[in-house]
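Next, two complexes with chain A in common: one pairs it with chain B, the other with chain C.
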Partner chain A sequence: MSERTPNGDSPPLRERAAAASARAAEHGPVIELDGVEKSYPYFRLQDVRMRLAPGEVMGFIGPNGAGKSTTIRILMGFVRPDRGEVRVLGHPIPAAQAAAKRHIGYVSEEMRLFGQATLEWHMRFVASSYPGWDAGYAKMLLRRFDLRPEQTARRLSHGQHVKAMLLLALARRPRLLVLDEPMTGLDPVARHEVLSELMDIVTDEGRSILFSSHHTQDVEQISDRITFIDRGRVIESSDKETFLERWRRLHLELPAGGALPVHPGVIDVRGGGRLSIVTTNAFTPELGAAYERAGARVREIQHMTLEEIFVAEVMASRKESLA
Partner chain B sequence: MNSELVISQADGRPMYLQLIEQIRRRIAAGDWPAGYELPSIRVLAADVRVSVITVKRAYLELEREGVIVTRQGKGSFVADGEDLGRRLQQRELEQHLAAAAELAYTLGLDVETLEARLRETHEHIAKRRA
Partner chain C sequence: MSGSVLWRFVGKDLHFNRGFTAGSIAIGFVGLAFVHLGPAGTMPAITLLITALILQAVFVCTRSIVAERKERTLAFALSFPLSPGQYAVAKVIAATASFLVPWVVLAVGSLILISISPIGHGMVPVSVAAWLYFLDEFCLILAVSLCTDSDTWIGLTIASMSVSTSFFLYFIQRIPSIQATMSGPTALWSGALIAILAAELALATLILALLAYRLARKREFI
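After this line comes the complex of A and B, so read on.
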């Protein structure tokens, strides 16, 4: 396509600059958090950083009270951080939150629909406020989520309520979905429906999802990136494959009277006698070779699930802080 | 597309390895012949409900092995190699033999015993298939 105007001139600089910044907003990071801090009397969020690119799904995990919801509230502009920078879809937050929120679909556990109104009323209400509302998609979601539009909100079960909230957010076709614990309390079938829908959304490379969850299996399954927070600090924020790849359990057999050599990155050792099980978060094939050189036999090297890593990581960091 | 691949949560291996193995098997079995176009990364991800990065990793690994080729902007295809299906089956055989030899070593079996056991098993299967 030619960018020239009918009389053959290039478009004015101002227009080109605007087009460039629109492109940057579309291809630049969707979420950027740097050095974010927030103090409460009994809780402190420290140096929180994360990046999410277009087309990516980020799973945000951490124990209860670790700071997941606080972080999400900060990036939604509901809470002003004491320090640090927050940009969402290229807009500084909280200053330009209104512009950002036009393209964000947000669902949290605490949100409630109007009890006496029907789902259909809610759909019309959201449609009237967001020009991007896709009525055809909304209809399809009603079917997929097995929801009835004439039902009043107060008659919805917990699972139906969650799915209704998701429907209202999804049918706006936002560029970013921010979901705070969307799977909590859903039965396996409903979770399956929701996961499928989320994965369908990111077949579009321009759409992104951030979701926090306790359900590590869901996070492991659909996330491209994982951010792990514990007691107000981000322990890890990296791509999922790299993250999982670094963790391994090694089953070792030691020669009689042999001692296990100490290696950096080993965060847990189980068993005594001749059989030891070593957990590491810095695995390379070299580690196995090093144990073999020290006289141990490596009987098995196991991958770990995100759930196992989650527990090992939190336990290790607690042990450290007690020491 | 209705998925032909399935991720098992009871399988101890990482998801990208499960994908690699199932794709290799499709090719080895001849279901996906040379030149067959694989689903795009995002379509397969949505279909199997695994992350895009996991499918990407599986495809990269298969490319490195020469099992598939990716043409920029065109998609990924099963490689043209002579007898790719057979080669993949040979590879699987090698892996199983290595695992058997490893176990025999742990059990302290000598190579003659292992040979005899393999012959027995082979005869058993030949009889069943006849």
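After this line comes the complex of A and C, so read on.
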């Protein structure tokens, strides 16, 4: 039996998660959504519950149209929910959104800067509204992102635009960074630059990040908590390590005429004849032993990537809702 | 703090609108220059003044309100520490100020020109009614721009503004009590004219009240 580990354990993430839990217990969560619902003619956000602790980085993953942006718009106060409660940095939303947004940096793929104004004008404008604006950090980001302050927003490429928006959000030194699909449409180099900057920010333990994407690779690198959403429902939310530890794919060899016993947590069974591949979200070493006691030989136990887990979660959730 | 952010947004819009505001005033002054030609210059003067004000009203509302949604800068604006309601108030203040600058300059300019030109002072009450009508039209396009995302509604409003202005000027001059005095040497404020002015002010107030009511009930801003 062999074991492959595509995502190695990362003690710093574990420590960060523990520290985040301690801070949440002390100061309360940064984001709290309870029973949030919002209906549109062809889409419904259903009973969304979510918590983000101080210093925690949450990857908010879902397919296109799953409800990520709607959830983020609700917590930013742009959209009023039909039902449910929302608190951000302790402030009720939307009622006290202005107070909450003093400490939020928000970047969305759908967001644009004022086309006729230069990046320098934007920097001055943001600085005038945020007392915590860090001019030195903004200058450093200008260099790091290779941006020219005299350039008008209209002349920026998509990648430059995203980096400019990120600069304007980061130099506010926000307590909470909300990133709604910021990597969409970026070339690999720009993605690397943006992710590198975010990785640096992650080291600041006081800052929380909500990072929405349908690209698990981006999210996986910086998140210590993962929430999956599909068709308007949060289908799973847990710390990344737990996800990666719980999910496994077992390659089993069955004796002739043998049948696999049913175990809780088995999401999918594929293959036929003597070879089967079992996907589980509740792996313990005992599961392999149980299959061996039933006569199967465990040929391999594979860790799963976050993308594989995401797809398996979504498919299992859809199968469940159909049943 | 959100109050000061609101005023920064007002300042931002005034800054972005400044070129067009200056352009509208320039077009209006060219129109006013035609008044010196006497009766022959009246028509071009009125046409240029109407053009300047309608252009300004449409530009202010489409560039600073409609375009913020279409060019997706609204999300950036709303990421600042102010509520969507405060954002809407900032838009109303900035758009109104951007419109009122050429409106006041040109209205005062036209009244001064009427008083010193060969045109009789009897034109003053009609001119005041016309200027208030432009204000109503501005309130309407402002309200439509803030309340709807529909290009059709905005287009219809703009089209109706230019058509209705001609109708308004045509009909007001055919009201007997106004027609009898408008070419006279003195400004006479007839009952009919006072009623029109009151109706115009009431209409502007009603449009702004309906706008405030609609915005208070709005549940989605992006």
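Note that in this section the second predicted complex is superposed on the first by the 293 of 323 C-alpha atoms of A that agree within 3 Å, B and C clash if a C-alpha of one lies under 4 Å from a C-alpha of the other, contacts with A are read in each partner's own complex, and residues count from 1 in each chain.
Just so we're on the same page, a residue touches a chain if its C-beta (ideal position, glycine included) is under 8 Å from a C-beta of that chain, and two chains touch if they have at least 3 such contacts.
Keep in mind it's a predicted model, so treat the numbers as computed, not measured.
**Q** For A:90, select first, second, both or neither according to whether it touches chain B, chain C, the two together, or no partner.
**A** neither
**Q** Identify which of chain B and chain C touches the larger number of residues of chain A.
**A** Partner touching more chain A residues in the overlay: C.
**Q** For A:56 in the superposed arrangement: first (chain B), second (chain C), both or neither?
**A** In the superposition, A:56 touches chain B alone.
**Q** Which holds for A:303: it touches chain B only (first), chain C only (second), both, or neither?
**A** first
**Q** One more residue to check, A:224. First (chain B), second (chain C), both or neither?
**A** It touches chain B, and chain C stays clear.
**Q** For chain A, which residues lie in the overlap of the chain B contacts and the chain C contacts?
**A** Shared contact residues on chain A (touching chain B in one complex, chain C in the other): none at all.
**Q** Give every residue of chain A touching chain B within the complex, in rising order.
**A** Of all residues in chain A, those touching chain B are 55-57, 192, 195-196, 199-200, 202-203, 205, 217, 220-225, 239-241, 244, 302-303.
**Q** Within their complex, state which residues of chain B touch chain A.
**A** Against chain A, chain B makes touches at 7, 9, 12-16, 42-43, 45-46, 49-54, 57.
**Q** Under the stated contact criterion, what part of chain A meets chain C in this complex?
**A** It comes out as residues 73, 76-80, 94, 97-99, 101-102, 104-106, 108, 110-117, 125-126, 128-130, 165, 169.
**Q** Per the contact definition, I'd like the list of chain C residues that touch chain A in the complex.
**A** 1-2, 4-5, 8, 12, 16, 71-73, 75-76, 78-84, 86, 219-222
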